[in-house]
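Notes follow once the structure below has been shown.
Chain nomenclature is as follows: A, B, C and D, assigned in order of appearance, with residue numbering initiated at 1 for each chain independently.
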Amino acid sequence: MSSATLQHAAFILRGNPITAVAAAGSTLLILVGLFAPWLAPYDPIASDVANALQAPSAAHWAGTDQLGRDVFSRIIVATQLDLTIALSAVGISFVLGAVIGALCGYTGGRLDRSVGRFVDVLMAFPLFVLAMAMVAALGNRVENIVIATAIINLPFYIRFARAEVNVRRNLGWVEAARASGESHVSVVLRFLLPNVLPAMVVQMSLNLGWAIINAAGLSFIGLGVKPPTPEWGIMVAEGARFISTGKWWLVAFPGLALMLAVLCFNLLGDGLRDILDPRQRT
Amino acid sequence: MTQPLLNIENLHVTFSTRRGPVEAVRGVSLSLAEGETLGIVGESGSGKSVTGFAVTRLLESAGRISAGRITFRDREITKMTSAGLREMHGSAMAMIFQNPRGALNPIRAIGQQIADAIMAHRKISADDARGEALELLRAVKIRDPEKRMAAYPHELSGGMCQRVMIAMAISSNPALLIADEPTTGLDVTTQKVVMDLLAQIAADRGMATILITHDLGLSARYCRRVVVMEQGRLVEEAEALTLFHSPQHPYTKRLVAASPTATSRVEDLVTGDENLLAALPAAPLPTPPHGTPPLLEVRDLVKRFDDGTVGLKTFSMVLAAGESVGLVGESGSGKSTTSRMICRLLDQSEGSINFNGESISHIPARDFHRAPQRKDIQIVFQDPNDSLNPRFTAFDCIAHPLMRLAGMRNGDALRARVRECAHRVGLPADLLERFPHQLSGGQKARIGIARAIACRPRLLVLDEPTAALDVSVQAVVLQLLDKLRREDGLAFLFVSHDLNVVRMMCQRTIVLRNGEIVEQGESHALFDNPQTDYTRELVDAVPNIELIEAAVAG
Amino acid sequence: QTRAETLRYVTGASVNTLDPNIPGSTREAFAVSLSTYDRLVSFGRKQLNGKWVFDLDSIRGELAESYEVSPDGLKITFKLRKDAKFQDGSPVTAEDVKWSLDRAVTAKILGKAQLLTGSLTDASQFKAIDPLTFEVTLPKPDKLALPNLATVYPIIINSKLAKSHTTEEDPWAQAWLKDNTAGSGAYILESFKPGEQVMLKRNDDWNRGPGGKQAFFKRLILQSVPEPATRANLVEKGDVDIVIDLQASDAQSLEAKGKLQVISTPQYNAMTFISMNNQMPPFDKVDVRRAIAYALPYDDMFKAALFGRGELLTGATWADGKPPSGAFPIKQPIKLDLDKAKAYLKAAGFPDGFSTTFSFNVGQSATAEPMAALLKESLGKIGIKVDIQKLPDAQMSTQITEKKLPFFTEGIVAWLPSTDYFYRNFYTGNQRWNYSSIDNAELTSIAQEARFEADKTKYEADGVKLNAINFDQMPQVPLWQPSQDAVMAPSIAGYTYQFHRQVDYRDLSRK
Amino acid sequence: MKLASTAKRAARRFASSLPALFGVLVFTFLLMRVLPGDPAVFFASGPNAGKEEIETIRKQMGLDKPVPQQLVLYLYDVGRGNLGRSLMTGQNVTKDLKERLPASLELTFSALLIALVSAIPLGILAALRPGSLIDHGVRLFCALGVCVPTFVSGLLLIYVFYYLLGIAPDPTGRVDIFMTLPPSHTGFLLIDFLIAGDFEGWWAAFKQLILPACTMALFVIAPLARITRASMLASLGSDFVRTARSVGLSWWRIVVTYALRNAILPVITIAGIVFSTMLGANVLVEKVFSWPGVASYALDALLSSDYAPVQGFVLLMAFVFVIVNLVVDVLYGIADPRISIG
């Protein structure tokens, strides 16, 4: 990043305190994710049934769950897994989508049409149901949740990358690269892709939150990660069923964590868009 | 003299940006009488448009009038309320913009748009308004006005859109019409028609006009009085012809010199120290030894696109080493298509291209990057802004072909070579580390040229290399190109729609229309004595100082 | 009719067919068929720990006014009620009974497999003597024959009506009966939206309720509400009269609030267990199975998963190590004892433990998940690494049938809860319900013998033997009998825990 | 002429999406076969369900044949409009879907309507004052909407409005169970009640609908408001708005007729995408509100490996997707005169 971009970012952040907060929040999340095992006051999976379903107290800030596990510790530790799920799911669709989309957008022709068909088929699927089916088919392991989430995201990235590359493919500098002896493939990968990345990064950060929510939805219908691994979606989904019995902390705290994460990513994405949008560059 | 229609006193306009406030206009004073025509000329960024927007108070929200007074008749525009402004817009003063197509609402029928403008100022029924709109369309000489009423902007040509724009602007008979580069982006031939119409309407209705343009010729032709702006200031104000013949301010002098005319030579474009060609001998005429094949030989080139459009119907040409050939024609005539095929960036549908006696047309564009001729044929693009990879520094841009085509590795040799190229195109070495957005248009154009010549090609295809540049920058670039050609014996295929430029730069010219060659020949002869109507139209459309003088005198 | 005369009932699953015999019918469908159709006989009821439950040993007439078992036990003669009418007004005759039972044992429907457990296998066993007399012949005396006729499958269908809807491929009118009723039951179908709701109105001619009366409620509304918390809300707000399948936590909190009637009956004919595949290493070693049995934190699991609602099946003390009774399910003398578990593991040749996968049904998550977490934690302490796997229901049942799961939790229910029935169906043979795939010759032969054992003391002795083998082999670890928590408005009376673990609407009334 | 060209374009679009439908069909078919669960085993769940019973069901479902043959048979059936039979409900899938689709559509339409009605003004407000407090407020509000999973917001809404406050009716479907249903014309209860002139019924159905619809709407306000803001900003900054100002049009005219009408075009596209994703993602909301829609139906079928309903559902959704795209196209074609050219 050049200093001008940084300067511009700083300018936007100043005018956009929400983005600054979101950026700080996201950083915090990632830090928590990295250092979770040291931050959690209790073992997140050690049960203590005698102390089950305790309301929040000084000892257990966010109360305890059905098995007497410390909800706060579970939330902290879950950060890691949730961020991993979100980042890797979005990362996979991002990389695949960008490459496939860019190649299609650049070459056009038969490849473009057949990939377009494939994307049409994917898009015509009820995506959440597709994700469910895939997790059901492959088993509810973290990898599979990630894969399912990535696949249902893929068409959007392909389209996005395709469109972005398509508008650029006849720009002077692209042709110049070819006139300078680059092959088509390397023009796409080394020239066009880096230039569409920023716009896609925006998409990505908006999608991070969505991926977490998606995983939570899967958990709700029983296809989330396997117990006893702490994960926000599962905790929320389980906690939600305790709403009517007054055990509010079971849903409130993990829900809050999930909300904060999604909120941060969304606001960050919004802010990044502003930073990268030339319209805003005054 | 009676009270002026418009009076601007010491106008200052400031924009707030992330780098702090930017003063775009710094103390402009002007006045304009009823019915008078005034030209504002100056290079890009000199504050012409901002002045126009300040007068109409149409500045975008980041900008504000930080000082000065603008009075229109008796009313002080600078102090008007938004209701007052709305009242004044259209009925007292109206504006015409560059890029007429964008300036019209794309999803509203044009008749409706004109009617909207009418009804904004008069309480008349929608039907009456439409009736008047129709009259206006007649007044701007649109063919089949009844039918066009229901048309949408995309269904009209650029010139027609500009007429609609003019109709809207005059719909409430404003006393002042501000035209901000009304013909840039239009075809050379259309330019003239639109300008003539505008001038005539203004004269008929007694409207005062301000014509904002960067084209000195244009302002000289249509305005009696011209002001010159540089960096937000007025530097000179004079009668048009006076300004042309005896410019006073150094800036004006440079501007006048840099504007190519029918008689100017590349050597004359730039005065003073900067003149690159002053020290050079005249162009060595290429005299290839007998029997050598021409450098480039194109035969029966045809291009049909996937969607069925025919980009090029048929095209043949021969280009000798060191020769420079111009390719002119209106927009969409197939100039770029031709040049991209010759550069092997695009596959032809039919026809052959021989380079230096060897066929290169059988190598598909996809594989041409591996062909030995790749480094011999290079291209310079039209828009310097989009011809550089935003993520490459100037250095990377120039080094890239050297690494790919000349097989140079990162290292001192490469660095030296890049420096040398930069030096040859007059690019200061300290700019090499900058990214495109940190460079000016002229500098970007130089990098584009440096990149193209880095591998010492033998043929350089130039696709409107200066179309997006200011005249003074254009002058420098043209000189630079000419110098390189003379020094290296480069051959040029020079694509442009500016006939004056082609005449200067090229020995021969090919005129293209709808993908076909309509005329070709030695440049001067061709333009002095065009054989076809089309070429004649092209030539006539170019604002020509000598002819204006003749007209004024006569 | 007024709201007070309407019974509104919500369930998690939904009614999917009106004929309980259709493969895939849900328990909710069974409950509906119980009130739209009559059977020949029905179960009586008894009190168990102060709660009313169905009684396998007292069979009373439903369509049959009376029945008589021949002294050799090979012939059962039913006298049909004279006043019994189908809902279209035609009288119920022995011909209808014959057709219906023929259908139950001949057509490819669920009844077939069930009735075979009562030696009812062939149409030739059924005979209509006269319009009001019907006779069933058995190849051997079978004490489950009569109770089988009280289950949900052998419904008595209006044969004339049904026959008018048969086709060549469908001689038993299965297609038609799936969406239509042709019974003589206490309720008449008003509307049926599969998967959503069923509305029934009272059959005023029906008089087979307690004291020869009609059913109490004039109208029944059954709705499916998938979200358990919502079901709890609904009954608490009084919008719904009765709910049985609540989460344990909701039942507990509703009980604590004391506004509603909560009748919790341990499902004495059911059992939840942890099963091991006895044919699959390492669980083919009996010591491994025993080690597991002593390594589970039963009390914690019971508390966390069921909130202590139900009956634990562990923690008993068997004097002299013998089973105190021949009943099944029986409380086992096992408890958490990690040292013992470690010793068994060592004896089995796994001193350092091993790794395995523990599976459960997605549908069971609410209880299975906490249980699995505790299991994993506790087994971890003796070196057994457990990977928990949550399977969608269809996958779970497929893998169980294919005997591919090494280690999992499931539950079983016996409609006819006698010891031999349990052992024969769930611990013998290479069939789906033999969850642990146990193949023990002794157990099999005793169970088969006990089936036809008429002598009560001998039968009891067989039961004790079976229980002893079961404990010794530990094919699976019994956990508990969950309780059926029926939560209802205080005004509702007459609730009985039924064999099919659903509400028999005909019993209910409003005070 | 305009209409004809729009219709022609729509027809062409439709024809070109047929391969995609076919792809969806085949893909779902195969996906279902990959599911490890065996429906026959699952549904043969009576006590003592033996091999024979499993075989019966297998035969009934046609699972005894090799997969390619099954596929051909299935395609043949689909071609005749027969989507097979659901084991779960015991009904024809076509019938089930026909009964349930209006419920899902009504819910989704209402949700989309609520979302559009709130998102567009919010987006416009934000665009009129970019960078202002309003702008930030709108952003925050929208982001808040997307950051709560629908099942949580749904359960919370039920808890608050039904359980605590008692304003909302019990969340058990489309209309109060004690209400008599209107004769079905459209399957959309709100419309059917209106046709029947039963306003009390309409109100009851409306009350049932409002919570689930809001739950869903909350989730999609953000993308809609975001695109509204962006395109509104773009069109407010465009040259033609400047032109409109330069001839003195009124503020209202400029914002509504000039800026908004242009800005709405991308919103239509996004709304189309949002609509089809919502239909598929209904699952959770339908579950939470016991809404008898297609998505929850498909979910249950999926978990029990009931092939036919899942396949039917996916096909239906793909079809709806195609239709929605067509509608978007047509709307776009009507709203944007530039389209008919291409």
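Quick notes
Throughout what follows, a contact is a pair of C-beta atoms (placed from the backbone, for glycine too) under 8 Å apart; a residue touches a chain by one contact, two chains touch by 3 or more.
These figures come from a predicted structure and were not determined experimentally.
Looking at A-B and A-D, the interface holding more C-beta pairs in contact is that of A-D. Distance between chain A and chain C, defined via averaged C-alpha coordinates, is recorded as 45 Å. Inter-chain centre distance (chain B to chain C, centres taken as mean C-alpha positions): 87 Å. Separating the centre of chain A from that of chain D, both taken as means of CA atoms, is a distance of 23 Å.
Among the residues of chain D, those in touch with two or more other chains are 35-37, 155, 159, 163, 237, 287, 302-303.
Multi-chain contact residues of chain C, defined as those touching 2 or more other chains: 227, 229, 233, 236, 362-363, 392, 395. None of the residues of chain B touches two or more other chains. Working note: touching chain pairs come out as A-B, A-C, A-D, B-D, C-D.
Chain A makes touch with chain B in their complex at residues 2, 4, 7-8, 11, 108-109, 171-173, 175-184, 191, 194-195, 281-282.
Residue ranges of chain A in contact with chain D, taken from their complex: 15-18, 117-118, 120-121, 123-130, 132-134, 136-137, 139, 209-210, 213, 216-217, 220-222, 233, 236-237, 240, 243-244, 251, 255, 258-263, 266-267, 270, 279.
Residues of chain A that touch chain C in their complex: 45-47, 49, 52, 66-68, 136, 139-140, 221-223, 226-228, 238, 240-247.
Considering their complex, residues 3, 6, 8, 10, 14, 16-17, 22-25, 108, 110, 112-114, 116-117, 178-179, 193-197, 221, 223-227, 229-230, 233-234, 236-237, 239-240, 362-363, 392-399, 401, 414-415, 425, 431-433 of chain C touch chain D. Those residues of chain D that touch chain B in the complex are listed here as 237-240, 242-251, 253, 257-258, 261-262, 265, 335-338, 341.
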